[in-house]
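Shared chain: chain A. Partners: chain B in the first complex, chain C in the second.
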Partner chain A sequence: MNLLRYYLRKVFAVLKNEVLVLPSRIVVLLFFLSMLLMPLVVDDPYFIRILVLASIFAIFAASWDLLSGFTGQINFGHALFFGVGAYSSAILNMQAGLPHWVTIPLGALVAVAAGLVVGIPCLRLRGTYLALTTLAFPIILLGIVFAFPGLTGGELGISGLTRLSTSRTVTYYIIVCIMLVSCTIMWKVTDSKIGIIFHAIREDELAVKAAGINTILYKLMAFCLSGFFAGIAGGLYAHFMRIAGPSTLEVHMSFQVVIFSVFGGIATIWGPVGAVFILVPLLEFFRLWPEFRTLLFAFVVILILLYMPGGLLPWIRNKVEEECPRCKIRNFAARRVCRVCAAEMR
Partner chain B sequence: MVFDIVITSLIKGSTYAMLAIGFSLIFGVARIVNIAHTAFYMVAAYCIFYTTTQLGFNPFFAIIAAVALVTLLGLITFKLLIAPIREHEAAVLIATIALAIALQEVMMILFTGDYRSVPALIPGFATIMGVKVFYQQLLTFVSVLVVLGLMWLFLLHTKLGLAIRATAQDREVANLVGMNESQVAMLAMGISVGLAGVTGAVLAPLTIVEPHMWNHPLAMMLAVVVLGGLGSIKGSLYAAFILGTAEALVVFLIPAGAYLKGAVALSIMVFVLLVRPAGLFGVQFEEER
Partner chain C sequence: MKKIRSYWVILLVCALALTVSVPAWAKDTIKIGVIGPMQFVQGKGHWNGAVMAMEEINAAGGVNVGGKKMKIELVQADSNEFLNVTDATNAMELLMTRHKVDFVVGGFRTEAVMAMQDIAMEYKKIFFGAGAAHPELCLRVAQDYDTYKYFFRAAPFNSNYLVRSSFLHLQFVAGILKSQLNIPNMKVAIVAEKAMWADPMVTAAEGVIPKFGMEVAGVWRPSPVATDVTAELSAIQRSGAQVIFTIFSSSVGIPFARQAGELKIPAVQVGINVEAQKDSFWEATQGQGNYIFTMNTYSREVEQNELTAPFVNAYVERFGETPTYTADTYAAIKHSLVTAIEKAGTLNADKLVEVIRDQVVKTPTGVVQYMKDDQGRYLHELTWGPGYLLGLGVQWQDGKMAGVWPNKFKASAEAPEISYTGMVDYIIPPWVAEAYKK
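Let's look at the complex of A and B:
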């Protein structure tokens, strides 16, 4: 009982001293709570469906950010991992008859293998060469998919996968919980020492090598991690839509994830996730004018980029929060003195 | 059969060459990766469609109008969209992707998503060695050769061409010796988009005109540019004919080859890159160690 009271008090202390002092942390907390409580409040299947799709794309966008935002290995063919995850889950599910809680992790592992297949040749390339070469991989796979319609269903794809669950609410919770957990893992990974090395590889790979760090290992690790999470997103997508089709491999898919991430601010993890939860509902809202939908979407992206080239969410964050000039701890912008070292803010 | 393959690979190769040279030019001079490059090609094809079939223009004037309009569009894009965010490489990438999607959607709204075909600008065909060769194919090939020749003359034998090549080699030094770097970049953008316009104009009668027609050439053009070495115009030229020939061979010789044409061409690119990471004629840029 005492132990429980100790932990409760600790939770309150952390909430009061660490979380509720910064607007960005409050937003993250609210996001977690609202995602978990949403089905209790709203019962509209259309709305729930949008949130589920947004969750899947949030994993996908965050995994792109882990690879391209952090290590700077700009990947224009990220749909490869998504498509490999979706197709291998679908094939395992349909041909071998495995249940979804086996096929999705296995699909993700196949996507890790795809990450190695792409990552190893790409170790020698950098910058724009890498970006443009990676664009080729999903297109190559798409050609193979079309050439063997017996296994992959050709243009129609593989349909009729088992559902994640017969209940809509349970499906929602499965996908949202996986999203919250995997995004938190990615966030924590990029916050750890590994994340610092990823940052350093992007800034100056030669210097990292000179510091005695095996950059090849870390780059491959980024490819594998990113492939794993994108594969999970692909597997979830295939089981949720109950179809794995060629659309998962298209150039449009790769570009979409890049748009999400850059819109939300790269090298943050929370940026792409936030961007997906802004842009996916926005796209649905634009459905009111169906013929102008994609056009309006493109214009929103262009306008954001022209006025906030670093991404929307970091821009907002820098408006509401300020770094203490002395101890470099972030503070709410309206504060006069720093919350930790009590130095004058300006 | 053999002659069919030769004709197809020459046409494919020359169109890829035109697109890739334009793309290489603006990348070399200003380090702008213009994903919307083939979207401009699509706009030019639609211009030809509109002016010849709806307005009844003379094909020659139609081509001039299309190229002029697309070049103007490219310059406006550069001024309003790319110039303000040029320092953020990722932002430029996304902005041009968004622009390409926007252009696609505008065409979708203006002309609907129907598949359109444009009648040959010069009707008729000649029979060479038992194979029908349409005059339009010859026109495409000849105009590509003419434009490439003009580009070569311009780049190697005029003062402006020298400025463009100098800026491509080293932007900072070009700036130091008194060239207006942003103006050179804008000029290169105009030429680059103009080349895309010419390609779209002469190729429109040979392909189906539809709003998504920029996707396949984009992938192929990027493959050509990477294979030839980024920023190397000579490399783009050779790589375009290599990949064009590969595509033609796959389409004619392998069953279900139409699906695999992109896959095979891109695999060639990947394998060459494994051996030569900077492409066939790659230029290693000093600043990017």
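Let's look at the complex of A and C:
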């Protein structure tokens, strides 16, 4: 009982001193709570579907940010990992008869292997060359998919995968919980020492090498981690849609994830996640004007990137929060003194 | 007075409860979802066909559902399936849950249709597929009937039959060349756009053409979006091919026809050229597409039966173009669905499935009857062949899309000849006739 009281008190203290002091953290808390409570309030299968798909794409977008945003390894062929995850899960499910809770992690591990396959030849490449090389990989895989229709289903893909659950609510919770956990892990990784090295590699790889850090290892780690989470997203997508088809490897899929990440703010993890939860429902909302749907979407994206080049969410965050000039801790913009060091904010 | 007022309140509450709990009582329209890539010509065909069906049915007083006349209401859903399969499934979910449609027609890209099919089946809604030709869609019906029985193919007939039709067209044209130009060893150049859907057709053509007594002169695979195909055409000319068997669904069909006409390549074109199925083909090729032969569904000049001309003429008048096969949403709604509803007297999907699967209805393209597979299982697949649906072979003749096949076509030696009204003779391009005149 005392232990419970201790933990409750600790949670309350963290909430009071760490979370409720910053608007961005309050938003994240509300996001977690609303995602977990949504099915209790909303009983609309269409809305739930949109949230489920947004959750899957949120993992996918965050995984791109982990690789390209943090490490600077610009990947224009991120659909490769998504597609590998989707196809591997589908093949294991349909051919080997394995259940989804086995196929999805195994699919993600195959995507990790794909990360190594892509990462190793790309180690010597940078910038535009790297981007163009990575763009080629899903196209190569697409060719392989069509070359072995007996295994991959060719242009039809593999259909009839087992559902995550027969209940929509349970499916929702499985996917949303995986999304929340995955994104938290990715955020924690980027917030750790590894994340700092990722940052450093992006800013000046030579300097990192000079500091005695094996950048090859870290770059490969970024490819593998990113591949793992994108593979998880692909596996979830395949089981949710009950089909893994060539569309999972299309260029559109790769560019979509870049748009999500740049719109939300790269090198943040939470930026791409937030962007997905804004853009996916927005695209559905634009169905009200079907002729102008794509145009409106493009207009919104261009407008945001034009006026908020760092991404929408970092822009909003910088409006409501300020960094303390002395201790660099973030504070609510309305505060006159820093919440930690009590220095004057202006 | 108080008592009377409370009676009124009870009555009102009961009426309200009935309205909410038994929506069918208040329902006076049949909602049909039309799903397709609405920003593309295929989706526009879906929508236009459905609009025509709705207007005609509603003008005639509506659908007789067990003695009650109900009007048709259409709901458009842009699947955006060429670009995004996820979008297509969202559109289907929207139709099912927000718009609460009773039936769905449309779909084009097979991968997307399969995903959409799963959603429609989950909600037990009848879905007429009017675009994807892959047999797998109907194989699912046979393999898991309880789940997939709500899916029916509306158009086109499945890809196996599309291939068989195009081979019949090849034999037809080769036969004319043989008889009129006395070419003993016919050579055929296979030209298929570099796309996956065309691969099995190329393999099949390579296997079948020698069996027809012809030689394969070579296989050429230009890009689907190629704008210059003179290299391929020169190579074909050097190969000595008299016939070019085309397999095009993309824009390459236009430059291929135009440049072949400009260069006066001495070989006739026959097969599938989707661009040549459109009214705009003549202008797009600046008249150089003259004498191009392609498989098609409709032609302004041809009447498969008495229903064709009224439909095609009304369509042309309403939308200013000849209908394409995705406009067969018209036949799916007007002839298959409404006929079944009026016969069954209900909107109950299970009861309607039992009627549709066994009914035989005449549509503007022919007679629709659903097939069973070899094991006698319901496939919900369109029957192809004489007396049912056969398709058309059209040739561009001086700016007009003329029907040339079936013209005195006999499926077997004993079978009766089949010709549609408005058929004309196939014309060998003059420069081809000139090249092989002896």
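The definition used in the following text is that the second predicted complex is superposed on the first by the 346 of 346 C-alpha atoms of A that agree within 3 Å, B and C clash if a C-alpha of one lies under 4 Å from a C-alpha of the other, contacts with A are read in each partner's own complex, and residues count from 1 in each chain.
FYI, contacts are C-beta pairs under 8 Å (C-beta built on N, C-alpha and C of every residue); 3 or more make two chains touch, one makes a residue touch a chain.
None of the values given here were measured: they were computed from a predicted structure.
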{"item": "Overlay on chain A: chain C relative to chain B, clash or fit", "value": "clash"}
{"item": "First (chain B), second (chain C), both or neither touched by A:Pro99", "value": "neither"}
{"item": "Chain B versus chain C as contact partner of A:Pro325, first or second or both or neither", "value": "neither"}
{"item": "Touching partner for A:Phe146 - first (chain B), second (chain C), both, neither", "value": "both"}
{"item": "Touching partner for A:Ile74 - first (chain B), second (chain C), both, neither", "value": "first"}
{"item": "Touched partner set for A:Glu291, first chain B, second chain C, both or neither", "value": "both"}
{"item": "Superposition clash, chain B versus chain C, among 130-138, 148-156, 238-246 or 274-282", "value": "130-138"}
{"item": "Residues of chain A at both interfaces, chain B in one complex, chain C in the other", "value": "146, 291, 294"}
{"item": "Complex interface listing, chain C residues touching chain A", "value": "38-39, 76, 78, 80, 83-87, 89-91, 93-94, 96-98, 110-112, 114-115, 118, 134, 136, 140, 196-197, 199"}
{"item": "Chain A to chain B touching residues, read off their complex", "value": "74, 121, 124-129, 131-133, 135-137, 139-144, 146-147, 206, 251, 255, 258-259, 262-263, 266, 291-292, 294-295, 297-299, 301-302, 305-306, 309-310"}
{"item": "In the complex with chain C, residue positions of chain A that touch it", "value": "44-46, 49-50, 53, 146, 154-157, 159-160, 241-243, 245-247, 252, 283-284, 287, 290-291, 293-294"}
{"item": "Interfacial residue positions of chain B with respect to chain A in the complex", "value": "27, 33, 35, 81, 84-85, 87-88, 90-91, 93-95, 97-99, 101-102, 104-106, 108-109, 215, 218-219, 222-223, 225-226, 230, 256, 259-264, 266-267, 269-270, 273-274, 277-279, 288-289"}
